[in-house]
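What follows is a set of structures to go through.
Shared between the two complexes below is chain A, which pairs with chain B and chain C, respectively.
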Partner chain A sequence: MMARWQQYALFAAWLIVLASTPLWASNYVVRLAITIAMFTALTLSWNFIGGFAGYPSFSTAAFFGLGCYVGALSQRSGVPMVLAWAIATLFVGAFAAALGAIILRLRGHYFAIGSIGVVEVVRLVISSWGSLTGGGDGLNLPLLSGGPDAVARIFLLVMILIMLAAFLVTVAVDRGPLGFGLRCIQQNEDAANMVGVDPTRYKIIAYTLSALFCGTVGASYASWTGYIDPTESFSILMSIKVPVMCLLGGPGTVLGAVIGTAAFTLLEEIFWANFLDYNRAILGAVIVILIFFLPGGLLAISYRDVVARLASLIGRHKAAA
Partner chain B sequence: MALLQTLVNGIVLGGLYSCLAVGFSLVWGVLNIVNMLHGSLIVFGGYITYFAWHSYGIHPLLALPVVALLMYLLGYGVQISMINRVVSQPVLTTMTLTFGLDLILYNFMTVYYSATPRRVTLDLGALDVGGIAIPVDRLLGMVLALGLTGMLYLVMRRSRIGRAIVAVRMDSAAAALMGIRVDRIYAITFGIGALMAGATGAIFAMVYPVTTNLTGTYLGKAFVVCIIGGLGSVPGALAGGIVLGIIESLAGQAFGPQHALTVGFVLMLILLVVRPTGLIGIKGYE
Partner chain C sequence: MSETILVAERLNRNFGGIQAIDDLSFALNEGEIVALIGPNGAGKTTLVNLLTGVVRPSSGRIRFHGEDVTAQRPFQAARRGLARTFQIVQPFPRMTVLENVAAGALFGGGQPGVAAAMDVAREQLEFMGLAQFADRPASALTLAGRKRLELAKSLAMRPKVLMLDEVNAGLNASEIDGALRLIRQIAERGVTILVIEHLMKVVMSLAQRVLVLHHGQLIAEGSAGEIVRNKRVIEAYLGEKFARRFTPEAVGA
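Coming up: the complex of A and B.
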């Protein structure tokens, strides 16, 4: 495991790489950087409830989609863009706190299924409430003026700021009493309760944190693309992708979500270009490989071990020759 | 009369739902695994049935046992080779793994068959019982579904394998001490789950269009039936399915058919919070 300062330095370096893409790379790479920043923010958010507290939440898509819609509806009713994002953030946070107070009483499979059910219910409500949300036809939003390049730069900056905010909160949680309490809950909830951690309060805070930035990301995503619809906004694939990214990096760590998202997105991009029809199958294959060969995520690999093993392989090869 | 018609529709639908959910419920109850593959397995069974009928003219009723056997072998293989290795790990791991397998199967089905809805059309007409219309294909589907569910019940209660499965469900450590090979029972149980999914697919192919677009819907129904009926018991799935069928057709009548699904999910969320062991579930299995 790296020392804390090394992790922060690595994150800062990665942030600079992403933010500087407009200076040295094509529009395609800039778009990729926006996607990475966006998913990093979502994955860091999921890490609060899924990584630190160990609760199998699949409700990311509900928070993201709700953020899209609240942001879009506020903007359409005349609220300035940035204020609309703030409204979406607060709304989604409040929604998660209220919802958390109810469904966090469940554990294990029941919680997981409840969290999937939430995505479905919110999606169905949004798509059948046609008079407000446009139903299945979706909603259009005014695009920012200034041409696609300038707009992409603005949203790259926005997504990076959200990602940075999520990272700073993660660091604060990791080092503070909240992170300690959540790790206790992850290990053994009853024991945590016994030694004076209030599981209900901690879990609700973690669940709310896991929703807040999803709301911001959703609202700014809606402003960026200029069009949202229920199927895209509440995609169950997003609800599974985000946890997989976090598991790939290493759940419950500060840097795991960042590394996992970067690795996953780049991998997906490589395969996506070559096997367009098989993107779901590739995600599935990544999951299978992850679970059988990388149970603790990329961060848990001991590099000394890998080097030693490689060295012994080469040694054996030489001996055989 | 309209109400009676709605009730009858609901019960017929419910019979189909029971069959859809019973395999899922068994796997969840015995292996403690939420099998996200279930919806895709149903559609896969449907496709095999459809193509047997469409390309070779094999009647779905004849195809059903073959589909069921193939799916059993598939399920057994998946469990022995993959899921058994992670069966005791946290929910997140097992659920993510079955989700990953689901994505793979789903993807191959959409690539090879495309999402175009297909259906086995038997044109059996409808029965008229005292002014209540019952489509014969659905009725046949329900009878088959209930028959299969009943058979599964008998297997669980009367056979050695069934008793071993129940023993593992109650206490796998004690079952292992009694000489039951737990990993094989797990594989058999998952195989039975897949078998029931395949058989459901074959039955549904006669009633509904077969399309990969429905995998998520079927999985969602299985969730709801399990939460209503409680886990791992055949009578629970039967009751849960029929309750859901009736509720959906009443809700469809009252709010319009497009809201029937929402009502089912909302009911599930409420039940999860109020009574997570299911309406008739047994305490201590949560």
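Coming up: the complex of A and C.
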């Protein structure tokens, strides 16, 4: 496992790479960078409840979709864009805190199922409440002026800032009593209770943190695309992809969510581009293999061991030749 | 006479049809070592669970320093200074030994931050003779080591009352001697100790007072010397038939 400062340094480097894509890469790569920044923010969020606290939440899409709708509705009623994002963030956070007080009584599989249910319930409410949300027709939002390239640059910056905020909160949680208490809960909730951790309070805080940035991401995503509908906003695939990304990188760590998201998104792109017919199947197989053989995620590999083993292999080759 | 610190008043607890604790009252005085003994299934662990908020009594009250704490939850008990160890040890397996103890110091012991908690944890590990294992994962310790870890974790919480649920079970003779020495040292710091124990050696050498539990009831209370001659206690452990053979008259005859 890398030292903390190494993880911070890698994150900073990655941030610079993503932010500088408009300077050296095509529009396709810039859009990819936006997607990566956006999903990194979502995955870092999930890490609070799923990684640190070890509660397998599938609520991400509910928080994201609610963020989309609260942001869109605020903007349509005349609230300035950035303020609408802030409203969406606070609303989703409050929603998660209230919901968490109920749903976090469940443990393990039951919690997972309950958290999936949340996505469906919120989606149904949004799509049935046609008078407010436009129902299945969706909602249009005012587009930013300046052409798609300029807009893409703006939203690249926005998503990177959200990702940075999520990362900074992760660092603070990781180093402070909150992260310590959540790790205790993850390993043995009853024992955590016995040493003085208030499990309910800690879990609600983690669940709320896991929702906050999803709200911001959702609202700004809505502003970027200019159109939202219930099916796309509350996609169950998002609720599954985000935990997979985090598990792939290393749950409960600072950098795992970042690495996992980057690796997953890039793999997805590669398979999409090269194997149009079988890309989902290949991706699924890769995920299963990675999670089977790397239960601690990519971050848990001892890279020094790998390098040493490779070096000795090469050395043997040379000796044989 | 020192002050009473923890009082149980007419505690009852039933699980379905089983009366695990039956109208039980007792008091612990500040700074004493009290042993709680009784045959298997007597309700000893249930009593500790009641006192630390793991289960709530069906009726009755618990007072700590005069305050009614009957409805407390485990983390509140921990923060108040009611610490316990478990018969079946409960470490955080993937944390280091040091972090395990620091968790107790930070949350139960009210240390202001993670760094301060680590310092307290280091002191406790030193005291418990676990310092050389500080950076090992807790799951790598032997059973005796894990029992010590439990104790270190509880001590890091700065307890006022420490309940030790069979900390000596499964240890060998020399390990038990070590544990006895530690428990005495803890008591010298002014911590009130309630030891749950099957080993009479431990009870006889440690306890100033012994409580005997049988079928959830307190059947005897007194010094260790009195308890071993108490007819009801002998009956509880051996059954009536055998107890009669051990009465002084029978032995004398």
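One rule holds in what follows: the second predicted complex is superposed on the first by the 299 of 321 C-alpha atoms of A that agree within 3 Å, B and C clash if a C-alpha of one lies under 4 Å from a C-alpha of the other, contacts with A are read in each partner's own complex, and residues count from 1 in each chain.
We take it that a residue touches a chain if its C-beta (ideal position, glycine included) is under 8 Å from a C-beta of that chain, and two chains touch if they have at least 3 such contacts.
Owing to the predicted nature of the structure, the values given are computational and were not obtained by experimental measurement.
**Q** What is the contact status of A:S312 with respect to chain B (first) and chain C (second): first, second, both, or neither?
**A** Neither partner.
**Q** So, A:I103: does it touch chain B (first), chain C (second), both, or neither?
**A** A:I103: touches chain B, not chain C.
**Q** After superposition on the shared chain, which partner residues are touched by A:R280: those of chain B (first), chain C (second), both, or neither?
**A** Only chain B; A:R280 stays clear of chain C.
**Q** Return first, second, both or neither, reflecting whether A:A112 touches chain B, chain C, both chains, or no partner chain.
**A** After superposition on chain A, A:A112 lies in contact with chain B alone.
**Q** Given the touch rule stated above, what does A:F180 touch, chain B (first), chain C (second), both, or neither?
**A** Second partner only.
**Q** A:V288 in the overlay: touching chain B, chain C, both, or neither? Say first, second, both or neither.
**A** first
**Q** Contact-wise, after the overlay, does A:P56 reach chain B, chain C, both or neither (first, second, both, neither)?
**A** first
**Q** Between chain B and chain C, which one contacts more residues of chain A in the superposed model?
**A** When the residues of chain A touched by each partner are counted, B comes out ahead.
**Q** Enumerate the contact residues on chain B facing chain A in the complex.
**A** So the residues of chain B in touch with chain A come to 28, 32, 34, 82, 85-86, 90-93, 95-97, 99-104, 106-108, 110-111, 216, 220, 223, 227, 258-259, 261-262, 265-266, 268-269, 272-273, 276, 286.
**Q** Can you check the complex and tell me which residues of chain A touch chain C?
**A** Against chain C, the touching part of chain A is residues 175-177, 180-181, 183-184, 187-188, 190-199.
**Q** Help me check something: in the complex, which residues belonging to chain C touch chain A?
**A** So the residues of chain C in touch with chain A come to 52, 54, 73-75, 78-79, 84, 86, 90-95, 99, 102-104, 106-110, 113-114, 153, 157.
**Q** Residue numbers of chain A touching chain B in their complex, please.
**A** Touch list, chain A to chain B: 50, 54, 56, 102-103, 105-110, 112-114, 116-118, 120-121, 124-125, 128, 236, 240, 243-244, 247, 277-281, 283-288, 291-292, 295.
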